[in-house]
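Here the chain labels run A, B and C in written order, and each chain numbers its own residues starting at 1.
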């Protein structure tokens, strides 16, 4: 990017991260058996997805398992290599980074995992877990580490007593707090939370969600919140992206998505929130989950098989993600029919 | 994996609770004491020959009898056990350390490196121990050092395999990914995140390794491929005794029994340790 | 084995005074205390509790599926018309194998990984063939019977599934297959322990619907263990709320939801429902943490976290008070006790 363009961008509201036509591909069936069978050789867990992440927002990525939401979250953190496409962060395409440049990036991007127990080394005390990044990246001098550790513990709602505890002595909620504390040690610009509350009990979930809220409000950290739980997404996120088998189907402000969904899948998903209904939409979603073969070579809309609004045109190519209003985009040829309902 | 931090006190308590481990510790403890302090109580040197007292039957002056050149067998056994144990422990530990490092690195790095390294390891495993020992003799000459290396080499594949497999499992754990996200270098990750979490089965493997290692050492020395006479090792002493076994069975029998007791102790200890490390995982309270 | 008939009313399971704990390396750790419950045929009893509440241990005690170092004792344990308290292990295993079914969180454990799904169905049909001539006929044509059942649980291509191995099916599919097996088995008691926790929202809804069908079709007593009150609301007739190893409230689902009496139940409900509200304010929390089983507070176990705590709560252990249609373990209701305790 030229300097002039950079200046222009800095003036405009440049997103914190821009994902551009990203594809993450997994190879399947290596070895002899793979070669012999006529199953497809690869799976595009993330399939040509473009997305902006704005500074200071909480962006929700919702979808079922296999939708690619977790994969894209890990791709942002460079835990996967991109098959194609780019991820721009502060002007640089981070998919091309290696070695020390990549390591330097680590300060800015952190992750919170689904299972708090296995996200901490069982042989390290809480202090070690928190001190390691502090020392590694020289956040503070040696003699201040303990003080900083206590500060972080307090920030996530734990008393300094926990400093010398081991993971197996902590409950799920406490572990997740430590994990959140660890993510905060480097004051990252972006945190990816991958189903961060799914494995917690309902009442603990509230505590941790409140903590996320607090962090976001006090520190202004940008959060990408990956979840299959629509209630959680609604509570925490400013914008929501709906994913389905590697494709981004709909993106928009939370209220807009929940009140005016424009994609048939989103509509069906939201239908499951109603406590009593067992109508066609729900059944459609139900069978959709089992119907689509992600390794198949579908060229048309991924949701075609179970879409109640489908027309012939939908089989030609997967619909592109298009803006239907300033903030709301949908990947569906027939979205207007849904708008009319 | 193991969910508790390591503490000697807890280990001691668990050992006492497990019969196998206690017996093992008892036997080995006794042996070690005998090896360390025994020679000072025995009035003879292992290589002192006394042609007035050849092939004597066990008695108060010579509890294990004497051999064909009048050396006190008990003294030779005590010294020999010391040498055998030392050779074995050093050899197996060396092999274990090297094997663990190789296996862990191979498993961690993965990609094309892993299959290649593992094929080399398989190759090593395919060599019969004695052929290996012979080869090392040719290269390094005779004596204690080649035996140590031979034993080490025998155990590298064992530990490498185990380390690699446990590393593969641990590598996928979220906390390792978290460490990577922290920006830790691969070396740091291996040493801080992976190694402590694969250590437990390695230790068990070590004690099991000792038990068989001493058999290897004795065998090699027996065949003349290991410790060279007149330096005693249990194998050497038995080799001495084999020539006149029919006339005077004491040498080989008593030495053999000593060897057997040591191996038994090590095996019991290994079994016990394995038990201790296992149900520690089971004795949880099902949260 | 004593099988002197006690009372042939419609109570399938009756337990009184169940205590259980584990022999740990440093002593005995009590987990549940004084648990009493009853389940009628065709009724669903929910056991609600968070991690560490003792709900799983309760379920496993009923089935005698606790690990070796567990110790259990009970005053009464009746199953159908049998007194199980004195039964030896082998007789109980027989009983369990023929009359009880378990659905765990992870369905893979219920299947033999080396055998195809069809094999499992065949086994079940063989076993039930002795029940009646109809059953015997069904056992002869078991393939079709299996396919029918699988269609009932939403597996469209049952014939294919019969020929597959458990690891080839997704979590949701496997859970469905397991439910089909349970349907075929027609047990007298079904115990489900968090069977939907690992599943996405959408699949979870479907599986819960299936459980409801199960309950309607069979006359089994159903014990449903979960930490999620909203799930319990849709499925259970009666609920037992557990905290720190004790039942703190027991009553009909509707009444408990309309009028929760124990402060813990109130807190649980508040946090569960908070997410579903659209308010967007801070979520309700129950402050503090579950006490460690080895370090329970001297008085009421919930006292440290209770918003209505008063003097005696911290020194006295409340018994389970008998209210009309409700049992509550809380001193606040001492005067409402109708049993004249």
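Here is the rule we use: contacts are C-beta pairs under 8 Å (C-beta built on N, C-alpha and C of every residue); 3 or more make two chains touch, one makes a residue touch a chain.
Not measured: the values here are computed from a predicted model.
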Inter-chain pair with the most contacting C-beta pairs: A-C
Most distant chain from chain A by Cα centroid: B
Length of the line joining the C-alpha centres of chain A and chain C, rounded to whole Å: 34
Between chain C and chain B, distance of the C-alpha-averaged centres to the nearest whole Å: 51
Residues within chain B bordering two or more other chains: none
Chain A residues counted as touching two or more neighbouring chains: none
Multi-chain contact residues (two or more partners), chain C: 51-52
Contact set on chain C toward chain A in their complex: 50-52, 154, 156, 170, 172-173, 200-203, 205-206, 209, 227-229, 234, 267-268, 271-272, 274-276, 278, 280, 282-286, 289-290
Complex contact set, residues of chain B against chain C: 10, 13-14, 17, 280, 282-283, 285-287
Interface residues, chain A side, partner chain B - complex: 77, 79, 103-104, 106-107, 109-111, 113-115, 118-124, 132-133, 136-137, 166-168, 179, 182, 186
Residue ranges of chain C touching chain B (in the complex, touch as defined): 22-25, 29, 31, 51-52, 56-57, 60, 66-69, 293
Interfacial residue positions of chain A with respect to chain C in the complex: 64-65, 171-174, 201-207, 209-210, 213, 228-232, 234-235, 269, 272, 275, 278, 282, 285-287, 289-290
